[in-house]
Amino acid sequence: ACSSSGGKQEEQKADGGGGNVANTPRMKIAFITHAAPGDTFWDLVRKGAEAAAAKDNVELQYSGDPEGANQANLVQTAIDARVDGIAVTLAKPDAVSANVKKAVAAGIPVTVLNGGIEQWKAAGAIAYFGQDERIAGQAAGEKLTQIGAKKAVCVIHEQGNVGLEARCQGLKDKFPTVENVYITGTDMPGSTTTMTSKLQQDKAVDYVVTLGAPFAIAAVKAVKDSGSSAKIGTFDTNKDLVGAIKEGTVEWAVDQQPYLQGYLAVDNLWLYKTNGNTIGGGKATLTGPAFIDKTNVAAVEKFAANGTR
Amino acid sequence: MTTTRAFADEAASSPTTPIVHLENVGKSYGNVHALRDVTLAVRQGEITCVLGDNGAGKSTLIKIVSGLHDYNSGTMSVNGQARHFSSPREALDSGIATVYQDLALAPLMSVWRNFFLGNEVTKGPFKVLDTATMKRIADEELTKMGISIPNLEQPVGMLSGGQRQCIAIARAIYFGAKVLVLDEPTAALGVNQSGVVLKYIVKARDAGLGVVFITHNPHHAYLVGNHFVVLKLGRVALDTHRADITLEQLTNEMAGGAELEALSHELRGIDAGAVVRPTGKAGPIESPLEKHD
Amino acid sequence: MASTLVAPPATDDRVSRRSLGARLLSRPEIGSLVGAAVILVFFLVVAPPFREITTTGTILYQAALIGMMAVPVALLMVGGEFDLSAGVAVTTAGLTGGLFAYQFSVNVWVGVLVALVVAIGVGAFNGWLLMRTGLPSFLVTLGTFFILQGLNLGVTRILSGTVSSNSIRDMDGFSSAQAVFASEFVVKFRILGIGFGPLTIKILVIWWILFVVLASWVLLRTKIGNWIFAVGGDAAAARAVGVPVKKVKIGLFMTVGFFAWFSGMHLLFSQSSVQSGEGVGKEFIYIIAAVVGGCLLTGGYGSIAGSAVGALIFGMTQLGVVYAGWNADWFRAFLGLMLLLATIVNLVVKNRADLR
Amino acid sequence: MTTTRAFADEAASSPTTPIVHLENVGKSYGNVHALRDVTLAVRQGEITCVLGDNGAGKSTLIKIVSGLHDYNSGTMSVNGQARHFSSPREALDSGIATVYQDLALAPLMSVWRNFFLGNEVTKGPFKVLDTATMKRIADEELTKMGISIPNLEQPVGMLSGGQRQCIAIARAIYFGAKVLVLDEPTAALGVNQSGVVLKYIVKARDAGLGVVFITHNPHHAYLVGNHFVVLKLGRVALDTHRADITLEQLTNEMAGGAELEALSHELRGIDAGAVVRPTGKAGPIESPLEKHD
Amino acid sequence: MASTLVAPPATDDRVSRRSLGARLLSRPEIGSLVGAAVILVFFLVVAPPFREITTTGTILYQAALIGMMAVPVALLMVGGEFDLSAGVAVTTAGLTGGLFAYQFSVNVWVGVLVALVVAIGVGAFNGWLLMRTGLPSFLVTLGTFFILQGLNLGVTRILSGTVSSNSIRDMDGFSSAQAVFASEFVVKFRILGIGFGPLTIKILVIWWILFVVLASWVLLRTKIGNWIFAVGGDAAAARAVGVPVKKVKIGLFMTVGFFAWFSGMHLLFSQSSVQSGEGVGKEFIYIIAAVVGGCLLTGGYGSIAGSAVGALIFGMTQLGVVYAGWNADWFRAFLGLMLLLATIVNLVVKNRADLR
């Protein structure tokens, strides 16, 4: 009587992949981000890293801390534990770079992902995978101009976060009539009401740009609640968001392929250790920005359902 | 330990068995042995006075009886059954009501709420508090004690020390069932209120309750007590019946005899009106300490 | 025990009658109500959208989101304890409901019930541990705060493979549960011939008002309420007069669990899935609402209505800053100033009232 | 208000001017007017007893003198200067030391730290606390009062009510400079300790201090007081010199005369040993309330 | 006042001598020390890198980052107050120093001094407002918490155009300031002929130890320390015996300001710029360290050494989970369990000690 339609029983897909595992000696790689726990974007990054680790016979140690000093200290713990490689984000380069240099000096190869496109080289890392947040923001700005939007709000879900601020700044570079709104990322209903009130306050707003997939879903609700006719674009994707694009409630997403960032950062360390390769050949490897919208969403839909896009 | 003959006789032959009976009870707080080998019997229709110096262990003793602390050695029996109270609720359920020296009032709650705390009167199917009845009763009981508390909605924390004491006493007397324990109830009270409390104590006894009355005032004790227990440094120093002791002896016992002698001599020599004196009215001052407490 | 002795006190003329106004003003929640009024008037002046009836629904909903949990948190504070795990417990409840229904493919109402058991269990565990160890509730619930935060993330990832629970929108019972926990309706009304509306009211607001009334009644008009005041004001004294202190406190923590469940269900059914990282930091918002509404941090004093007013102040300020269209960079600074303002007004009102 | 002749004469002609002088002082807590039109003079070398029912306003009065509360009307002059103390520190600096009814001890601090709180002894260039000296002095002073506190490192909160009272008194006496104010210091004390405190009060007077002594015990008051002020419902009901009043009159004044009469009659009828009685020892019990407090 | 009266008490034999061990164990910090030892042994067993001397420096540094601010927070808690703005005040101090030096192109030491003035000013403001209004410190410092958070972001964006302060690495005085606030050195030492090291010690660790010793000395051996205990234990009683309660409390808040300045300078000179959004939430970590270290939330009891042990427990757990290589998802859950464990051990030890 209690059984239901939907749910796990409908999930009939077999686990994709499996694949062969490298027979190289087991190595230990530390993966250190500036992410707070429970963030959907970083979940995808981590999945990519884990996939690469599984394939490369790597023991992955994932950790993260939003405070610069603490993240730096996590790098230090990796040095202490004598890992074979470190993949790190340099969102707060001033705080973390010094310890990255220490790691390099201690003979530990380092790859940088996500943040730090300007600083990775100076820090001595072997490669960089990510996108320039500001350029991604500018791409979104160009898109708004091109669509003919009049006024937009840029929704920042973590106050003072460098990457998020850079995206909004980039947006503003190319599309000056944009206002920032701060919401609390750990409070979804509260985020919705804040966006609702913003749309009620400024009826001229016709575009909402969020900086993370869950917030775009919340924005859909806010647009409905406020009776506004604003459209929604976002940075980053997840399963729900791909669905929303397909439905048309969200117009587009700026994709930087987080899975790829995590994957490459680990895989390159393995390559470097086993074969001395560097991806990008000493240049930054850009994983974005690319746009996902109704036209190309079908291509990523299947992967999103796996939780890897 | 001195147990007078008459008392020993009585203990053996008395028709009433003790409601509360402590035998060789000991209690320590960490490394402080506050009570050792204390034996005490509280009987129906009797007022047992516990006397003793500051820090002698009187409050500790009654806290054991009222379930606030457990004891470490010996046995306590209530109504003939050996008991270890795990909470004051159990003591209350056995009919033991207590007035604590530190009063047990919630300072931010109003007078009437404190009065009925733990014994609230409710009415109706939803068990709503019967505020009107409770206020009326509290007012009546306090008026009987002769104190005036203008506003029963006032938080207890704002009342004077004596007013608070009266609330605690009135409450215990009102809810007292079999045993009434009072820890220095008259200490903060005026002459008037003290008299009322003494009268209440006697009335409680007459109604068949057993009363334990702790006081530093031998006059108060002698005025109402049937039986006197003097504690000294955590041990029973004297346990006697009223008929076997005079007020002077009792006072001496309480204060440690010889020491008091010396002291009262010294005080006797003091000239109360010594320095400033209205013109032409000098005269000897009578101030015998042992006569007037 | 009857007594014929009546020593009539000499008529005591020291107390001057306090006016009804003065007596009203000294209730714990009234000070904050004046604070709320000040904030309201302020934003009515500076933020034009505030004047429109349509925004009222949004503001009330924002207040209800905070206020719903502020109810048990205020009760708990009156009872002399804190619960730092209240924020993440909401998420735990929501996740449990969503994950259970999805993973076992059962009617969502089964998930709702399981979540209820888990949420109340968390509360009971907090209360039990507190009473068992005698540690301060700050420490105990801090421990559960971290543990729940970890479990929310860890269990969710194991079960759903991502950091949020699976969507249960298309499962049996979803729409009925949504109707109960997260529906909304539109009202239009006329006052003095002028039509107002349309005003969208979320059902959470209705529930909130109901729970505030109910909890106020319990606190002020029942035995349990009396005991809550007593255990918060002086636990030793309460114990001494026979109040079952432990039971009352554990009960209060379980009440927090119940409300966490309710809020969690709202979260779940308004979104169909729950993010595992949510709720962190909200415990303080609840405490703020209770304190702004007149609860003493040290226990023994406070009111539920006050907590509702506190939630309203906080909600109005949060959205008012947005409605006023102020530079978002300064958002927090405005929020802080408004909070200080509201509490200082509260204080001034109370002091004035006490003097009369 | 009754001011006796002799006292009025003295007030006009006394060689010593009052150290603390209150004139028509009033104080209200919100809507409760706790004191109205109170006039009081505290003189060097004199013990001023303030007496009165519970809630009469005695503590409020001394809180004004010791700077804990400010007054609303009238004037208070200290050493001839009109003053409004904004904190007890100012009162202390003017030489007024106080023992409060609610004691003013920090419960979690040790005995010796409480003793010296606000008057710490330091040594050396870095002003390090001179722990050894402070412990020694505290120990000496408490021993003099005849109480035994086994461990001076014990937190005050763990001591018995009387032990705490003794610390507060010993401290005030030790640091008292010109005026010593005591609010019911003997209430919680044993016979022994009470005697010591009374002796101390007299000594303080002899040393030239002005003493304000609040008590509910007319015997204690009459034993040492030079001048008596009775408060009733916040007003001065009597202000008289020792020479103009007897102990009986004073007791009557304190308790409100007629009421006490009725009460003591009732109590006189009470048979203290009524219920349980050792065999064959019955006899009349002497218990006149007005004689033995 | 001399007196010849000596009433010798009958020899009081009720107190059995407590062993030195028992007396030691009942000090506030020792319980937590045992808790720390348990955590240490635990991680020594489960996390191999923990056993290497080189990691000691990292752990100590992590502890110092928390412990530095836990010192004044513990003092404040002993004095009966909270400071919720302590976390963001560190950021404020760092930002002020960095922005001032850069914007006015002055020697960084000028910025350092300006930051000192601002940081102490913030503390003084907190204290003053608290004393002036009589509001609970929870509310007042919550207000400043929000205000500082807003100002950090707003002012930084106006001045530097981004959300972090400009880098001051190449400015005059940077290297000398860095030497003072954020340098490090390597030690090697031999014990029993076995060489240990190289061990990298950050200068912050040294400062931390110094400040712990100094603050402990003030708390236990000076008049001010006595007053701090008294105002926290019973402010009314302290006032009644003439302790300048207001001054002591304002002084305590200014001490928090001073330490916030110092920590802010460490942040600034170890990174050369400061992120404006950082510091949020750290106020609770400081409070946790103090409470785990034995401070009572209600004031009047606690120790500075305890706060250091609390910081150590927290730091060891934070990094221990990483060294042990456990799944980061469960990190918070481990942290919570460890915290509960440490405090319960603390409690058990203390109860045992009190019984002896």
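Per-chain residue numbering starts at 1, and chain names A, B, C, D and E are given in the order in which the chains are listed.
Everything that follows uses one rule, which is that a contact is a pair of C-beta atoms (placed from the backbone, for glycine too) under 8 Å apart; a residue touches a chain by one contact, two chains touch by 3 or more.
For reference, the UniProt names are B, D = ATP-binding cassette domain-containing protein; C, E = Xylose transport system permease protein XylH.
Please read all numbers here as calculations on a predicted model, not as lab measurements.
Counting only chains that touch, the fewest steps needed to get from chain A to chain B is 2.
Two chain pairs are in question, A-E and A-C; the one with more C-beta pairs in contact is A-C. Chain centres here are Cα means. That of chain C falls 31 Å from that of chain E.
A straight line joining the Cα centres of chain C and chain D is 48 Å long.
Taking each chain's centre as the average of its CA atoms, chain A and chain D sit 74 Å apart. In chain E, 5, 7, 10, 12, 14-15, 149, 153, 296, 327, 329, 331-332 are the positions where the chain touches two or more neighbouring chains simultaneously. Multi-chain contact residues, meaning those touching two or more other chains, occur in chain D at positions 32, 146-148, 150-151, 192, 196, 199, 256, 259, 263, 266. In chain A, the residues that reach two or more other chains under the touch definition are 37, 159. Those residues of chain C lying in contact with chain B across their complex are 1, 3, 5-10, 12, 14-15, 221-223, 225-227, 229-230, 233-234, 236-244, 296, 300-301. Of all the residues in chain B, the ones that touch chain D in their complex are 6-7, 9-10, 13-14, 16, 29, 32, 43-47, 52-56, 59, 101-102, 146-151, 158-163, 165-166, 184, 187-196, 198-199, 202, 205-206, 216-220, 222-227, 233, 241-244, 247, 251, 254-256, 259-260, 263-264, 266-267, 270, 272-279, 281, 283, 285, 287, 289, 292-293. Residues of chain C that touch chain A in their complex: 47, 49, 52, 54-55, 58-59, 61-62, 65, 101-108, 110, 149, 152-153, 157, 161-164, 166-173, 200, 266-267, 270-271, 273, 275-282, 318-319, 322-325, 328-329, 331-332.
Interface residues of chain B, counted against chain C in their complex, comprise 66, 68, 87-89, 92-93, 98, 100, 103-109, 113, 116-120, 122, 126-129, 131, 143-148, 150-151, 171, 173-174, 176, 192, 196, 199-200, 203-204, 207. Those residues of chain C that touch chain E in the complex are listed here as 129, 133-136, 138-140, 142-151, 153-154, 157, 281, 284, 287-288, 291-292, 296-298, 327, 329-337, 339-340, 343-344, 347.
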